[in-house]
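Consider the two complexes below, in which subunit A is the common component and subunit B and subunit C are the respective partners.
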Partner chain A sequence: MSNVGIVIVSHSPDVAKGAADMVRQMVGDEVPLAWCGGNAEGGLGTDVAAISEAIERAWSEAGVAILVDLGGAETNSEMAIEFLPDERRGRVVVCNAPIVEGAVVAATEASGGSPLDVVKATAEELSP
Partner chain B sequence: MEIDEALRRKLVQAVADTVIAHAEELTTLDMAIGDGDHGLNMKRGFEAVLADLDKIVALPLPKALHQVGMTLVMKVGGASGPLYGTLFMQLGKSLPEAPTRAEAAEAFAAAIDAVKARGKSDVGSKTMLDVLAPVLAALRADGDLRALPDVADAAAEATKPMKALRGRASFLGERSIGHVDPGGRSSALIVRAVVAAL
Partner chain C sequence: MTEHAAAVEITNPTGLHARPAVKLTKLAKTFGGAAIQVALAEGGPWIDAKSVVKVMAMKAARGTYLHIRASGEQGAAALAALRDLVRRDFDEGPEAHGPA
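And now, the complex of A and B:
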């Protein structure tokens, strides 16, 4: 699949899964999609290893757009991007957008075949 | 100064023990203005460091610091993981195996810059940077190293009247005023542990 992939990273697995369900309802299987949420012990938080795995699951040659909720989700996502191999690192971005609306809008844009920068820009239009 | 395996063990153990012993205090501070997980998260991270202590301290200083940072990144589970992880990993990148005081200060400066970049923050936002920066200034000045913990404690205390501009506490706006920043406090604890072990 050559559409941009979407990764949803929340402190809460329930939020991440719920947002992913809404994306699926909107775009079906046209977009690679993965989510993760919670720390390694199952509490609220984010986990770099889990984010890395989610990027792998949603990987697309067109790149991956990550939607996050609060600070740690963003910082840990940026850390996971830095750990990617050189040839992938430039093709994964964190979108500055609300997590649920951003994921749905980004996935809808991605399902039309838009490139990564357009997917990111469309999601970020939601942020004032 | 030569930092051999025995001293590396003493340093890492002291920092981990201090953070773990103060986990409850850090969590209480974080409950006031954050999401209340700073102590628990840091405790989880440093327990993972202790679990690998033998392997970590057997490495040369730069690699040992990198490994401490990497463990914190992977295990802490909050924003403090990548922030402290970046601090230790950059120290590992910048410190020679037997640093002079001047080399240590410059490595510490590089590590602070890396934390600023990672957190997209700077001094004055009520964060760990408000403790690390004055400690760096004191390290660069020629005073007694033994004074650094007091500089760090005073700087942590000085975050109390500040208004948070970064992190979860920034959502509270004016209400973040009057509480010590948990990241500032954990930074001061780590500075004290390092100086005491040297």
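And now, the complex of A and C:
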């Protein structure tokens, strides 16, 4: 059984790495996990190519749930999903949830073997 | 259907905060055939022990009693496992040496 993978996309590599550290410590390592942050020039921002690579690293046949912080992280994640091969595109979703809490609860849900739509819905329970 | 129930005092210093909530829901999820609920009072409200968001939202403090009930396949084992996790302070105490 493969668990849903989690990708964390922040404008800041420190935030993304920190959120990923929390997932590893609190949930464990039975969930594929990758993070990226910062633009191609090394400043604050997000980078479509880096997001694509993170999706690849966290890839699972069960799909991948992406947690994002601010606007550009979401639009660039959606662009990275657009560029995926057809057979993968439908199995990657962006969750409308706070990035840190969302990553922890999505990973917790994923660790129990829940399908992608349930993982996404669980993360989105956090949003008002 | 047989229902198994217990109440166990939360003695973990920080209560049922984020990390213990994750441990509790992860453990509950390993009992796929069991329905497991937790509450802060015998009269409820009872919430799904497999919902990490709802368990975290309980904000159960140290000294409160966590009521647990389980039914279905492996209900008794699920109840015992969750009760033991709470009794072990979620393996977070200074005396916790075993694998998490």
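We adopt the following convention: the second predicted complex is superposed on the first by the 127 of 128 C-alpha atoms of A that agree within 3 Å, B and C clash if a C-alpha of one lies under 4 Å from a C-alpha of the other, contacts with A are read in each partner's own complex, and residues count from 1 in each chain.
Keep this in mind: contacts are C-beta pairs under 8 Å (C-beta built on N, C-alpha and C of every residue); 3 or more make two chains touch, one makes a residue touch a chain.
Nothing here was measured: the structure is a model prediction, and the numbers come from that model.
Student: Clash or fit: how do subunit B and subunit C relate after the overlay on subunit A?
Tutor: With subunit A aligned, subunit B clears subunit C, so fit.
Student: Contact-wise, after the overlay, does A:Ala49 reach subunit B, subunit C, both or neither (first, second, both, neither)?
Tutor: First partner only, subunit B.
Student: Touching A:Leu126, do we find subunit B (first), subunit C (second), both, or neither?
Tutor: The second partner, subunit C, only.
Student: What is the C-alpha-centre angle with subunit A at the apex and subunit B, subunit C at the ends, nearest 10 degrees?
Tutor: 150
Student: Would you check which partner chain A:Thr108 touches, where first means subunit B only, second means subunit C only, and both and neither mean what they say?
Tutor: Touch partner of A:Thr108: subunit C, not subunit B.
Student: Which partner chains sit in contact with A:Glu41 here, subunit B, subunit C, both or neither? Use first/second/both/neither.
Tutor: So A:Glu41 only meets subunit B here.
Student: Rounded to whole Å, what minimum CA distance do you find between subunit B and subunit C in the overlaid structures?
Tutor: 26
Student: Per the contact definition, I'd like the list of subunit C residues that touch subunit A in the complex.
Tutor: 18-19, 22, 25-26, 29-30, 50-54, 56
Student: Flag every residue of subunit A that touches subunit B in the complex, lowest number first.
Tutor: My answer: residues 39-41, 43-49, 70-72, 75-76, 78-79.
Student: In their complex, what parts of subunit A are in touch with subunit C?
Tutor: Residues of subunit A touching subunit C: 25-28, 104-105, 108-109, 111-113, 122, 125-126.
Student: Along subunit B, where are the residues that touch subunit A in the complex?
Tutor: Per the stated touch rule, the residues are 35, 37, 41, 44, 73-75, 77-83, 85-86, 118-119, 166-168.
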